[in-house]
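Paired with subunit B in one complex and with subunit C in the other, subunit A is shared by the two complexes that follow.
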Partner chain A sequence: MNREALVGRINKFAGKVKIMEVCGTHTAAVDGFGLRALLPEGVSLVSGPGCPACVTTAEDIDRLVKLSENAQVWTFGDMVGIPGSVSSLAEARARGAEIKIMYSPFELAERAAQNPKKNFLLAAVGFETTVPVYASLLDTLVEKKISNVKIYTSLKTMPEAINAAAEKNAADAFICPGHVCAVTGYGFLERLCKKHKMPFVAAGFEDYHILAAICEIIRQIESNNFCVKNFYPSVVSKNGNETAQKAVDKYFCKTDAVWRGIGVIKNSGYALRKKFFEYNANLVYGKTSAEEKFFAGCRCAEVLMGGIRPNECGLFGGACRPECPKGACMASGEGACSIYYKGTVN
Partner chain B sequence: MKILLKHGSGGLETRELIKNIFLKHFYNKFTSCDDAASLPAVGTRGMAFTTDSYVVKPLFFPGGDIGRLAVCGTVNDLLTTGGVPMYISASFIIEENTDAKILDEIARSMRRAADEAGVSIVTGDTKVTEGGGEGGVYVTTSGIGTDGGLSPRLIKEGDCIITSGSLGNHHACIVSQRMGITNSIESDAAPLTGIVRGLTNAGVTLRAMRDMTRGGAAASLNELSEACGLKAVLNESEIPVDVNVAGLCKILGLDPLQMGNEGKMLIIVPEREADRALGLIKKSPCGEYAAVVGRFYFGGGVELVTRSGGRRVVPMPSGEGLPRIC
Partner chain C sequence: MCVAQPMEVVEISADGKTGRARYMGSEFEIRMSLVAAVPGDYVLVHAGCAISEIKKSEAEEIEMILKLLEETANEP
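== the complex of A and B ==
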């Protein structure tokens, strides 16, 4: 079916369905292609917990700000505006901390090798898609005996988060993150489908990928027969990228993780294995606290689990805007609030 | 030769630097070594005046360098009034330890761009600062020319929006260079004198123009919309984006509408003039991929009709415009 046919089929759906697009990149694509305008009233899309910067806790940010007092901190651009309980990394940078936005962690290895007396810290944030890159960086650090880089991990994994969202009845169906599935394989979706009995569709990021996924979900809802579909077969296989999985397994082990706004999700994170302790910047701290303090009125927690749409939050567009974010979902470019804000306000 | 603090002291070394590099390349009949250049009067028309600073890294990149940018940027800003750019100033802030050969290359490139644009570099300034030892060059150019009288306030409902070429090339080129990505994307840095002169000489009615630099088409159109009180509606399938730039954007999560250009003009014309204007623009080597990409309607803001047939708001860009995390 072409785009027009897909849109036509979707608009024949007379029922109601709430679909969670888990990944922040999907939320950005839905907005970028203007897809919401093409859907009938009964089909609603809600955003999920799939923006890594958005689910990084304020405590993690506080620790990175503290660590920046003694080391040059390297991070991806999405992270710098995320509010901590006192300040964001961008605010710390304005006060004089050395915060570098990296395009690739390998730049960090190069810079650290050139400046052996300087301390560097990598703020390792991300999902299954990003962790193999950190593993590859560790290969370089080990091989070249670069000892002035430490890594602060706040890494998360998707299967457990999607399971948590399904358990909380956050949606009737899930459009699952194509790039995560490319690494993990779609096998985990079959376990989730069996458990929760709802549609799970792995999709790419083009408009027709997303429309096809919505169309398939509607078909399953209508027939009351639920299964996993892989609508991104060019990069997603059942077993995923085994090279990447092995690289990750060499350096990282699964651990419980605290998700901003959601709390502890068992076994949903990665920590550095014990034998690589010399690189581990988390060791000076205990476990992150599951208790969180939010800016009064901030409803990011509900936004992240599909409970409300961003514009249902009282701060949205008023006190909380991309240039002065109060919650993480407005601070990250792939956060649902910032995407909604840019798409609706002019 | 390395540039040292003494080259900015205003004494002998400064004079030598100016003579051996800047005067050598910039010299023309209006160039002045005095405190100010004396320039001939230009008819009775009003003047356009603009200034811009350039801090790009790397200094040299495929398709251009900081010098070419500095001349093209100021020339194109002057052109947006529909007038004729005439004189440019060039001020340099040079970090200590910069190689003089780099300055020579930059100055040579500026002269070449000035000749292409038909402007004269007539005055300038040189300062040397302490730096991190890696060398760095920052350039400020100011320019004056005649005022062509165009203004966003002239825009009316139904007017057509033309882009003089494909979007995002300069931004994509610089991002590629910084990330060490090998591709064939070149900066589009170019003076657009030929395009604007072609339109004005043919007597095409023009409403307004915008040089789509930082913030790209999104910023330019939001500014125009605010100034004229109308809504700009773009048709995504008509917007020209090079295939390599589009690919890089997909990978990095960038939006060509929000990416900076250094040789692309947004030109607003009445509907009846759109075909003729497009034909004239396409005759210029910089205008090969020009296209009518949208129109102004009653309302406010900027909207995009997507390829999928959906609609979305094109917001004013904000934040640092960084590649995304995943």
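== the complex of A and C ==
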């Protein structure tokens, strides 16, 4: 069965199914390969909460902007345009704040070691894929006794978010994030499948991964027999990368987390362990508030839980565009609105 | 943000913590402490860090996925 055969099989499906591609990288791949156009009317793909920058709260951005008054802030490029309640990090940079976009946090360790009198701050945002990288950075900071780096964490975990989406009936089936599963393993999907009785397929990011996942979901829907499948076997195993999991456990502990547009999801985040307080930039603040204010008319909250497609938002492509985002899903390159917009324009 | 690239390991430092890996003809310094790979192996690199070993080629993976699909199709 080749790609054409997979598309042919999918198009024989006469029913209706709403599939959530949880991960922002999957949304980008679906758009990049033009897969949406290959699907029959009854098969709809909706985006989920799997873009870390998109689910970072305005309050977190406000705190990072404040922290940039006394430290050089390092972050991934996706983060700089995310709106805070007053400004984004990009706007703070325009006002003179030192905001650096990194490819890898290890660059930060080198720079901090070379400039011991300067304060550095890492905006640690991400899911299970990225948390081991931060743990590995902490190994370096501890080992090399680099003490001029603090870390502001807004880290989140996928199982609880996918569970929240399933509880809200956001979709009938889930294509689950392959790079998260590379670290965690796909064991958590079996717990979710048992609880929600719907298909959960771990998938990679090539067209054949996604088409095969959709094909498999359709088969399960037709047979009314649901199970977990791993369609990214080159990197995903049942138990995941246990070395990475141990590294994470050394530095971080699970905590409740506030997701932009979604609210508090219990036990869905990571915080630095008390033992590593000297690196913890969150300590000066209390817990983040679940109360959020959005730009009037912004429907990111619905986009993030598959409630609407980005182009159903009244601001999409008009007041809200990548160069002047009003919501986080348009500001991040892996946000569903930004991906849809680029697809529409191109 | 969870984007990751498959890279071929070219070199590993004596302590095994760092290494060099090749992606589309260019070589990059990467963190290797989370995987047990040797030169010639492929790893998945995210944010400058190898987060997983890649155990199969694309061709082997496609074959495996199709086998999984066939197995499901033949289930009663």
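Operating definition for what follows: the second predicted complex is superposed on the first by the 345 of 346 C-alpha atoms of A that agree within 3 Å, B and C clash if a C-alpha of one lies under 4 Å from a C-alpha of the other, contacts with A are read in each partner's own complex, and residues count from 1 in each chain.
Rule of thumb we're sticking to: a contact is a pair of C-beta atoms (placed from the backbone, for glycine too) under 8 Å apart; a residue touches a chain by one contact, two chains touch by 3 or more.
Since the model is a prediction, treat every value here as computed from it, not as a measurement.
So in the superposed three-chain picture, is A:Thr25 touching just subunit B, just subunit C, both, or none of them (first/second/both/neither)?
both
Per the contact definition in the header, classify A:Phe127: touching subunit B only (first), subunit C only (second), both, or neither.
Touch partners of A:Phe127: subunit B and subunit C.
Which holds for A:Val235: it touches subunit B only (first), subunit C only (second), both, or neither?
The answer is second: A:Val235 touches subunit C but not subunit B.
Check whether A:Glu41 is in contact with subunit B, with subunit C, with both or with neither, and answer first, second, both or neither.
It touches nothing on subunit B or subunit C.
Could you tell me if A:Pro52 is touching subunit B, subunit C, both of them or neither one (first, second, both, neither)?
After superposing on A, A:Pro52 lies in contact with both subunit B and subunit C.
Is A:Ser104 touching anything from subunit B or subunit C once the two structures are fitted on A? First, second, both or neither.
both
For A:Pro322, decide between first (touching subunit B), second (touching subunit C), both and neither.
first
Can A:His179 be said to touch subunit B (first), subunit C (second), both, or neither?
both
What is the shared patch of subunit A, the residues that subunit B and subunit C both contact?
24-25, 52-53, 76, 78, 103-104, 125-127, 129-130, 179, 208, 332, 334
For a test of understanding, state which residues of subunit C touch subunit A in their complex under the given definition.
1-4, 31, 33-36, 44, 46-49, 51-58, 60-62, 64-66, 68-70, 72-73, 75
Quick check on the complex: what are the subunit A residues that touch subunit C?
Residue list for subunit A touching subunit C: 1, 23-25, 50-53, 76, 78, 103-107, 125-127, 129-130, 132-133, 136, 139, 177, 179-180, 182-183, 204, 206, 208-209, 212, 215-216, 219-220, 223, 225, 229-235, 241, 243-244, 247, 332, 334.
Quick one: which bits of subunit B touch subunit A in the complex? Just the residue numbers, please.
The contact residues of subunit B facing subunit A are 175, 178-180, 222, 253, 255, 300-302, 304-313, 315-316, 318-320, 322-326.
Note which residues of subunit A are touching subunit B in the complex, please.
3-4, 7, 24-25, 28, 31-38, 52-53, 76-81, 101, 103-104, 125-127, 129-130, 179, 207-208, 211, 322-323, 332-334, 342-346
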